[in-house]
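Multiple structures are listed underneath, in structure tokens.
Paired with chain B in one complex and with chain C in the other, chain A is shared by the two complexes that follow.
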Partner chain A sequence: MVGHSRNWPVIAGLGLISIPLLVMYIYLFVDTVTDSPAGSVLPNRFTLEHWRFLTEGIEGKGNIWKVTLNTAIFASVTTTVVLLVSSMAGYALSRLNVPMRRYFLAGVLMLHAFPSVTLIIAIFLILQMVGLYNTLIGVILVKSTLELPLGIWIMKGFYDTVPWEIEMAGIVDGASRFRVWRSLVLPQVQPGIVALGVFSFLAGWSEYVLPQVLAPSSNVQVLSVYLASLIADDQHFDFNLFKSVGMFYIIPVIILYIFFQNKLMNIYGGGIKG
Partner chain B sequence: MEIVVKGFTKHFGDTAVIENMNLTVKDGEMLALLGPSGCGKSTTLFAICGIHKMDAGQVLFGDRDVTHVPAQQRNVGMVFQSYALYPHMTVFQNIAFPLTVRRESKVDIKRKVMEIADLVYIGELLERRPAQLSGGQQQRVSLARALIRRPGVLMLDEPLANLDARLRLEMRSELRRIQQETGIAAILVTHDQVEAMSICDRIAIMDQGKILQIATPAEMYQRPVNSFVAGFLGDPPISFLDGVVRQGILVLQGDADDTIPLPEHISGQPDGKVLRLGVRPEHYQPHFPTKVKGAVVFVEMQGREILFDVKLSNGDLLRSVQAASSQFKLGDTVEWGVDPAQILVFDDHGTRL
Partner chain C sequence: MSVSARLGILFLAPALIFVTLFFFAPVVLTGVFSFTNMSTATGITGGAYQVTSNVLRQLADEGFEKSTLDRLGAKSYVVSAQALVVATTEGVVDKAVLVELESKHLGKTYQSRRDFERFLKKLKNRPRSTRDLKKISPYFRASLMGQRFESEEVLFAMLASLDLGLPDPQMRHVARASYTGWVWGTGNFKRMFSLGDNLRVLRNTGIYVVATLLLFNTGFALVLAIATFYLPGRHSAFFRGLWLLPRITPPVLYVLLWKWLAWDTGFINTILANFDIQSRNWMLDTGANAWLFVVLINGFVGASMGMIIFASAIKAIPQTMLHASEVDGANRWQQIRHIILPQIKWPIMFITVYQTLSLLTSFEYIWLSTDGGPGTSTEVWALAAFHAALDNYWGNLQYGYGAALALVLVVIGVVMSLIYLRLFNFDALITRPRIEQ
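And now, the complex of A and B:
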């Protein structure tokens, strides 16, 4: 952030390009609290009735709070699984003499590059077979698995920047290998953990295809699926309601971004302390 | 506690890094492990403290065979070249870590940390983090952390290499003071012969995974086992002259037929034998008897002393260190002498005769 006064042409340029996006977001918000006469772009009436779904629900749809809870569970459990597994697997791949490590790493990267949609039929069949179809657990497992390759790679990158000598010092100081990992190494990769956590949470929060295909029933529905079902319903089509639910859906995302934007940069900085 | 390493061998993949090494560190002494970069000093250290497994051999701490004891239970203190402080902990927490791991009581930990902090003079830094310390201070913290649980042996892996020249001098004597005050046996790994000579009781000099000689600094300087050791110790370094024996006299290589009489203790060498003489700069002086003629080709004023390089007619160099009052100049032709009693003579394998 040094010398940002000299960057102002860049900032102005980027700002200009972003204006359409900004206008869309502003309109999204404005439309959720106003009514506009047909054919006009300018609203003429302030109203909160588009937000009524929060208290009264929507006719023929599940309870919005139940759906939100499902989404939160889906996103946070996915995040937890991804963090737990990546932080350990990344360490093992960075430090231990795992046999065939190179092939394993290359394989993991392949998985990441693999478009997950192409797997969906196979996954669908498997979940049905093991009885996890239409359950949150099932879709959480699938989502975490698909997030893991990236997570493992990112965490391995962060572990690679922690000097060996710190671990040797810990061992000589009498700490077990696990203690060294937990008290000495993990704190050094904390920026990676935070960034990966936020990243996975957002990925889980915005995931649509997997829950739509693997857990469509109303008691395990998540917000993205709920939103899609609103738009698919031609019976009572209410565009402002749709926008309000959409707004409701992205508020947590925006809040997370505002709080963690610096930390998210760390993923690309590969462990540079910021 | 006496540390004994017997028959230590270590391979990395196919390359043998250490081959059948034997080493003893006596109780309370400071031993230097001296050698060029990459000769296996750190590897030896890591094997003694248990980080590396040995491919063959034994390590004894006193009468206890620790060859198969994990590093955590060997109770060695180690100072790394990069200090390896834990960046997210304060100085206090860093020093206390070995005790925290052992679950000692808070009161005990506090008392011991204060004690050791006083010993290494960092009492007022305890709340800082490593990033807020200078190199010398980090070094002291690292030392305190290594000493706090009263280790059986203290290992120092190039502890001074990352310090600037002035600080290095200061920390050098500090290391010695602290080691002597605690009376803990210490191994100092270094590639700097001045460091090894100035603060260690004995030096083990290594090359390519082998220990060539273990001796006190004075002994090693005066009676090196071979030309490698002779060349490694001493600054400015020793000069070598190659030649062939003819009737008890060494004829230097080249066509110039310069000769140097062999010293008395090297008598009875057969004609035609190839020998190498080592002459230290302090033993090539204007007043010594065995005269060697040459031209001054390089003069370096070092304040208290002047260093001269003298080129002989066959192209070989001899160095001389003289008091700063010396009046010789670049280009002078000089005929200075070598002290015959101090000439080191090596055979064609480099072994000293």
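And now, the complex of A and C:
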């Protein structure tokens, strides 16, 4: 079916459209470790000075390590909440005789499609009213909630594939439904938990709108907000520096992506099988 | 209730609490806020009553009599019980005077400081020095202007003490005009429909959604999925990996890369300088260029989701169908046209619905790249709502008006997620639990 000789026009066409991406991502790396003479795109000098921000910081900006710590806390607490809540709710929707199960499931699907970003104004006002504005807790609660519909949907899908026989065996042995879930079913859906965990962590790590709007103050700043404020600042205009900070920011993402690529693919496709 | 049902409710409870607080509540409150005039100026909690020169001007426009307004605005001096208490506790003024004022002159009103002080001089227990006498008057100043009244009752009491003889409805009118907090009203919607700018924003939104969707989120996504299906494994993995990069890159960094490409000192200009083309900001110099970049930036991210879904749908097409068509002498184009496209009709529909909704409401990439500029040429509806309520140059954030703009999107969101729900074979998703206890 595959005629190799006919592939080159397709490759050339795709390659042509992909040029911006190739250029952007190659130079993202190259520009962090080299200098180019003015008016040229070809680097002529290897240097590590663009990475000095890691030890010396950037004038007028917060401590990069504090910001990184905030980002890690934000992403990992969000992930924990999403995993905990979705693995419980997903199980209830997949296996338990909850009244109105049908409607709960429809609700999850609807929320999954619902564009949560439209709610940002109301969420901003709610956080102001309850006093969680400008706190990490506030953004974590909001981000976790907005991730929940996808999380529940994915966990439900994984629970659906667990054979009933496993649970029945547990029940026959006299274990409670909770025990069965905890020690027999959860280990079965471990791949789902890993996939959802990695996805939530990356989503939290990359999030920009929520922390920027709901917690802009400098002591709860995360990396996305830090980088954006760096770019917005006209005082130090230096693409090599921006890219180095950006590279620092994206390293964990790339590592996780390389290791969990296949698991993530299912979720990036909207979490819908088929 | 069975054990299973009870455990189920317990298991759902945390999710329900979260979703109620930060999903349902915001949906409802977007509607509620859109019927208020909340802004930075009014605050979001309560307000107070304050008669200012602006309020007087407004009342004059609304037909209040000039004499009434003059008295509202005048500085008057009243011997009131309240002022006496304050003066007594602060103890700056000689007690005897205060006692005399309280016993004989309670309620007297003077129109100016001079009149009041002339009256004070005639008192039996008046202070010796003029300096001490002058210390008394500030306590009794009773001008409405600039004073803050925490409740309507206090304001009414004050109005009554001024002896204006205002009828009740007019008093309430003054209260309404001088209220600094937010009030209910449909003003946001009137403004939304009457503002000419919004028509432009609406048109922008249409261009943005249709162009990005057709060119990239379904269009180029299809090209990528089909092309990588026919390409040998190595090449197809490369292109799929490359086109997934924008999706995994944090938005701030991704847009930074485009800025590096397009801005004054960026890559495009450096290349073009060799051809003597004047350097400029390609992202923001003209409306057309701004649109090009807005569509490219969003499209390069959006293409990957369609690509993944279409690719897996194409992989699911029975190989025998494709083989059979080749035996019949169909070329690739005919194969795509008559087998692949009809087979992935549903995924295409699904992506179109899903992406329309997400493009319609997303503003993150536009905010980061052009921020609606130059001027308002790339301002879309979701960004306009965001700008009005949370991020504008004038500093007065109009929460109510922003909420009204957002409400339009929320309603569209609800309707379209219902359509989305219909796209699923919903009954197939629900298997009855087999353990009934």
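Annotations for the structure displayed:
In the analysis below, the second predicted complex is superposed on the first by the 239 of 274 C-alpha atoms of A that agree within 3 Å, B and C clash if a C-alpha of one lies under 4 Å from a C-alpha of the other, contacts with A are read in each partner's own complex, and residues count from 1 in each chain.
As a convention for this text, a contact is a pair of C-beta atoms (placed from the backbone, for glycine too) under 8 Å apart; a residue touches a chain by one contact, two chains touch by 3 or more.
Quick caveat: nothing in here was measured; it's all calculated off a predicted structure.
Following the overlay on chain A, a side-by-side fit with no clash is recorded for the pair chain B and chain C. When the two complexes are overlaid on their common chain A, residue A:A175 makes contact with chain B while staying clear of chain C. Once chain A of one complex is fitted onto chain A of the other, the partner contacts of A:T47 are absent, as it touches neither chain B nor chain C.
In the superposition on chain A, A:I123 makes contact with chain C only, not with chain B. Touched residues of chain A, counted separately for chain B and chain C, are more numerous for C. Of the two partner chains placed around the shared chain by superposition, chain C is the only one that A:I250 touches, whereas chain B remains out of contact.
By the touch criterion stated above, A:N262 is placed in contact with neither chain B nor chain C.
In the overlay built on the shared chain, the residue A:P187 is in contact with chain B alone; chain C does not reach it.
After overlaying the two complexes on the shared chain, residue contacts for A:P115 are found with chain C alone; chain B is out of touch. Look at A:P163: by the touch rule set out above, it reaches chain B but stays clear of chain C.
The gap separating chain B from chain C at its narrowest, counted between C-alpha atoms of the superposed chains, is 6 angstrom. In the superposition on chain A, the residues of chain A touched by chain B in one structure and by chain C in the other are 168, 171, 176. Within the complex formed with chain C, the residues of chain A that make contact are 1-2, 4, 6-7, 10-11, 13-14, 17-18, 20-25, 27-28, 31, 39-41, 81, 84-86, 88-89, 91-93, 95-99, 101-102, 104-106, 109-126, 128-129, 141-142, 144-146, 148-149, 152, 160, 164, 167-168, 171, 176-178, 202, 205-206, 208-209, 213, 223-224, 227-228, 231, 237, 239, 242-243, 246, 249-250, 253-254, 257, 264-265, 268-270, 272, 274. For chain C in complex with chain A, the residues that touch the partner chain are 2-5, 7-9, 11-12, 14-15, 18-19, 21-23, 25-27, 29-30, 33, 38, 44-45, 220, 223-224, 227, 230-232, 235, 239, 242-253, 256-261, 265-267, 270-271, 273, 296, 300, 304-305, 308-309, 312-313, 316, 322-323, 326, 332, 350, 354, 357-358, 360-364, 367-368, 382, 385-386, 389-391, 399, 402-403, 406, 409-410, 413-414, 416-418, 420-421, 424, 426, 429-431, 433-437.
Residues 46, 49-51, 71-78, 80-82, 84, 86-88, 97-98, 101-102, 145, 149 of chain B are the ones touching chain A in the complex. Partner chain B is touched in their complex by these residues of chain A: 163, 165-166, 168-176, 179, 184, 187-188.
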